[in-house]
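Alright, structures below, take your time with them.
Next, two complexes with subunit A in common: one pairs it with subunit B, the other with subunit C.
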Partner chain A sequence: MSVPAAAVTPSVTVDDRDRVVPPRPRDLTVPLVAAGVGAAVVAALVGLVVGPVDLPVGATVGALLDRLPWTTVEHGLGASSLTILFEIRWPRVLLGLAVGALLSGSGAAYQGVFRNPLADPYLLGVAAGAGLGATLAIVTGTATLAGGFALPAAAFAGAIAAVVVTAGLSLRRGRPAGPAALILAGVAVAALLAAVQTYLLQRHADSLRAVYGWLLGRLSTVGWAEVRLVLPVLVVSAVVLVLASGAIDVLAVGDEEATTLGIRPGVTRALVLTVASLATATAVAVSGLIGFVGLIVPHGVRLLAGTRNRRVIPLSMLFGAAFLALADVAARTVQAPAELPIGVITAFVGAPAFLLILRSQQGRA
Partner chain B sequence: MSADADLPTPLALRARGLGVTIGGTPVLSQVDLDIAEGEWLALLGPNGAGKTTLVRALSGTVRHTGTVALTGTTVRRPRDRARHVAVVPQTPIVPPGISAFEYVLLGRTAHQGLRLSASLDDRRRTLAVLQRLDLERFAARDVPSLSGGERQRVVLARALVADAPTLLLDEPTAALDLGHQFEILELLAELREERGLTVVTTLHDLSVAGQFGDRLAVLHDGRLVAHGTPAAVLTPDAIGRWWGVEATTAVDAEGRVDVTVHRRRASGRPADVAAADAAPGASAEVVARGEGFEPPAA
Partner chain C sequence: MRHARRRLVVAAATIASISLLTAGCADETATESASSTPAPVETPAPEPESDPAPEAKPDDGFPLVDYEVYGRTLTLESRPERIVSLSPSSTEGLFAIGAGPQVVAVDEYSDFPAEAPTTDLSGFTPNVEAIVAYDPDLVVVSYDPGDLVASLEATGVPVLILDAAVDVDGALAQLGVLGTVTGNTDTATDVIRTLEDRIDAAVAAVPQLAETPTYFHLVDTTLFTVTSDTFIGSVYGLFGLENVADPADPDGEAFGYPQLSAEFLVDADPDLVFLAGTDPDTFAGLPGLGGLRAVGDGNVFPLPPDVPSRWGPRIVEFVEAVGAAVTELAGAEADAA
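On to the complex of A and B.
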């Protein structure tokens, strides 16, 4: 075994970031998860205190603790500050955290099951379907029905319908074909739906601005309603994706080898894509099309934690939550009192960050 | 193929009527194969004969007709099959940035719970196999950065750590130089002794098959055309028929066969093949004479 001497790692109990040897099975996961939780907490706090009315940090924390059962904390915030904190900022911050976690976790899952670093959660037509659904709702004037919930409902329905059509088109004699067939079907469905959407917009130029605003994404909330919609989906998708992350790692050796190792690749991929698509559709329904999050957050996490999905998926959810909450702070403060679409922020930060990540990966390879 | 009738030991694997059709073309048809526990079966045949397809059918990765029974039971779930049969593919897909340790650990998948998280026991076994194959110092190295011989041992380690009684290897030495080919095969022979493994390998080198296989099976156009001991299968006649080359064979006292292939002369007529007593244990030299070539010195 002739290997250049310099390249040989010193023998036994080796442990570069890959926690090799028995007595230490836990490794870096715990500190990384702690860092992710910390980032989300800090981002939430920033989101709570920063705004047209700056709230003092100490008093804000005090007011939050005061809300916990069996604790009473003197915080000194007035009634109007409390209203801003609990009825405006807190739901919005939570929505940002949830949407960030959903998009990033789904992105990491899509990249894992497709073995494709450029896969993003909009790959199978979620974005195009949601866009068409929202456009239909807006041009037909039904968007404002049901207290404004007709719009997210239409976007959600469009997203799910697009994914179902994509999955159906990729079947071969009723059986799931490989990932390439799915991706190609997704591209075709997205192109078709985008064409229909463009046609509708041509016919209803007056709706252009409203549709455009929706497409770029925003986290403006109507109190707690959106948060209540999103949280159950977040819990379910977090549980399923974290449980499936080990199987996604096995899929990295290809479907055939994964089968010989004891996995059912088709079942795993179908389960993960169903949950991730549901998560993405939910996020898109309440926040519009926020781009790049599902791409840059998982790639950033891989720089920190390596390529194993076991770590990448949960960490992407935590850091994605933090990232989107902070992006929302920027969206509502950069041009205050006007709001920038959050999709502009994520793309403006995301595109250069993505380039940097790609370049540093090339440097290591 | 009559050798199947009364095998002395229990069967590790029994295939009946295996057929595979890809894109309307049958690539494997009506293959019956019994593999005894603890034997080393070498699958031979020219390119395109269906060797890899047979391995894929036996490992459950291609849709086939017929049945494959493992140690007496027909297994359908990939997980149960993986506990019976560990597979070394011809060209393994190595994920980017995976360390040798994590790659070998994948072999424990079928023993892990719902989340497929590695237990301490999984890690201990992985380390033990790495040590056994002298790979410990590469544990933290990225698999793609290893040399061909090292990488093949890592892939073999992944199959071993599964603790399956049967190893199925598709051309385990195809990408290796002569020295590393024999290193891997000798290692396999040792491991088979140590662990009582059943070994099934596809091989394209007839001499290698004749040296290592207990029994050989020859595939041709998707059918099993010969099956038996090396001395019975590797005759100059058979080699000429299935591979289209002139060869001499030498059988040693242990029934192992050496095959020497000779260049066909430009004016060569079909080989005039001498029949030979090729019973195991008997030492014999079998010579195929083409026009104008000298048999090599024994």
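On to the complex of A and C.
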């Protein structure tokens, strides 16, 4: 049976070569980075000052300054206000920044390596693997073991296992069969794992709320322990992804040309994908599945700074951090004193924003 | 609104008793379909403990025709002897009112009492064939997932829906309904009276406090909780306690089960904390919650597992646990004074 060629042409170009050559070369790197850092700092301050409990702004800033070395500031905040500020808001803000940076940086890296604008951090099965791991931990009742850290551990293990299986399936005679094979293997693995997860949920209906609460993303009850888990991964993945971002740009000219330019395409791709997957798995383990961040932030950054990965990856981490910290402020204030799942906020903001970005890119092409 | 609902139940019961008087003329159709029901394959031996009910006389309320219950009508040709319960709360109720020997199968989560015939039947994703295989003459469910009721009734199996009760009175009223449909009316009435007496005694035993105590009821460690406008909240309402989570779901959009912000809980600093999903150590270890007054004063009380989430006869244990906690709080206040 023959199918008309037009019928199988995807509506979105998978190999978007137009973006490979920067359309508007600009050299505003320093102002852009400054803007990114500024956005993250502002988001952090907003996150510290705004919440369901009204803390006086002046006293809150005073209490923060008081914690700086060699400064003493009379702030007049009571014990419970200090607990709210330093045991609840601070770790939550830091984790929002870190998870936003990890997801956005990974998303930008995946998009760069696969040269696919629709690639997101969950492309290779991370989300489905983490979801299954977390579901298993919850339905077997082991989620609360090890002071509650069995849950992130299970999610992390599931995420890594899913990526490893995806990578293994995409091999042909022991060698990588190319980005398309990897993406398709990821889709298949994700579908299989999602089916297993759905089955488990059906068998353990009493765990539904706990599992869905996790799936929709949770920064609501995180503390310093989660921050300590995430920070080392954030540092490592930021360093690797930023250093590799130039090489990802070179890959765009094609593997043969890249090789002549001194880049080893296979090694570069494997390194970037490994680190991005590790970063995503870590983010998911502590915060659940927060969607759209890894997709819209890099695309927004490209509008601002062009398409070169040398800029897109570091700027995505900075603006992603700011975006998620602000999304978390919305999560805890929109229905205060009730929490809204942060995944609902990011999808609610993210889906229309993504459409706008797509439309503006089409307009330019 | 709750009172209105209770009145509705009373009205329904009245109508049902009137319809019983006129039920004689429905006998012909009754025997017709009853003859097509196969004889019970096996009848479990009555548990000596759980069956204080007198032998059911053939005419004690059966056939039950067009019994109006919670907006539906139920017709039972004869006293049900092969009941399948897909609701853990109703399972507990059936056994409490002496209908245990009439129960042939209960769902996977019906783990109380121990003698309940737990099977792998699911109340959430029910399989009609698996249920019909038990040859039931009455199926009790807590809600109707995916046309289950229509499918069962199409095969001639009557279904009783006992939705989650909205308050303590509603839970007790359901025991009365179970008594009527299983032919254990007298035992059910006695059980309800005993439970009411115990609940009244628990409430009366609590000393008066100078100020209304505030409380937080934890459903799980992500701080999901309940408002006063829930079945669980109604139990605390018996003692006049004030729920700190009420502002989190003022209009019931979260169906009374909001997720509370940790910082709001720290700020509210309730007198009492009740744990349905975890232990006091885990609770105290949650970020920022170790400094709560209730933690420092030892006023964090774990509740018996599963009891708060079921609206069965064990509700009295929940009521007594809350009463004991309030009494302890009052005692500590008296010592401090």
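Heads up, the rule we're going with is that the second predicted complex is superposed on the first by the 337 of 365 C-alpha atoms of A that agree within 3 Å, B and C clash if a C-alpha of one lies under 4 Å from a C-alpha of the other, contacts with A are read in each partner's own complex, and residues count from 1 in each chain.
Convention: contacts are C-beta pairs under 8 Å (C-beta built on N, C-alpha and C of every residue); 3 or more make two chains touch, one makes a residue touch a chain.
Everything quoted here is computed from the prediction, not taken from an experiment.
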Touched partner set for A:243, first subunit B, second subunit C, both or neither: first
Which of subunit B and subunit C A:71 touches, first, second, both or neither: neither
First (subunit B), second (subunit C), both or neither touched by A:310: first
Which of subunit B and subunit C A:264 touches, first, second, both or neither: first
Contacts of A:88 with subunit B and subunit C, given as first, second, both or neither: second
Subunit B - residues contacting subunit A, complex: 56, 59-61, 78-83, 85-87, 89, 92-99, 101-102, 106-107, 109-110, 112, 114-120, 123-124, 127, 134, 136-141, 145, 147, 149-150, 162
Touch list for subunit A against partner subunit C, complex: 51-53, 79-81, 83-84, 87-89, 91, 144, 147-148, 202-203, 205-206, 209-210, 213, 218, 220-224, 332, 335-339
Footprint of subunit A on subunit C - complex, ascending: 109, 122-125, 220-224, 245, 247-249, 254, 258-264, 266-267, 269, 278, 282, 285-288, 291
In the complex with subunit B, residue positions of subunit A that touch it: 1-3, 7-12, 14-16, 18, 20-23, 25, 242-243, 245-247, 249-250, 252-254, 256-257, 259-264, 306-308, 310, 365
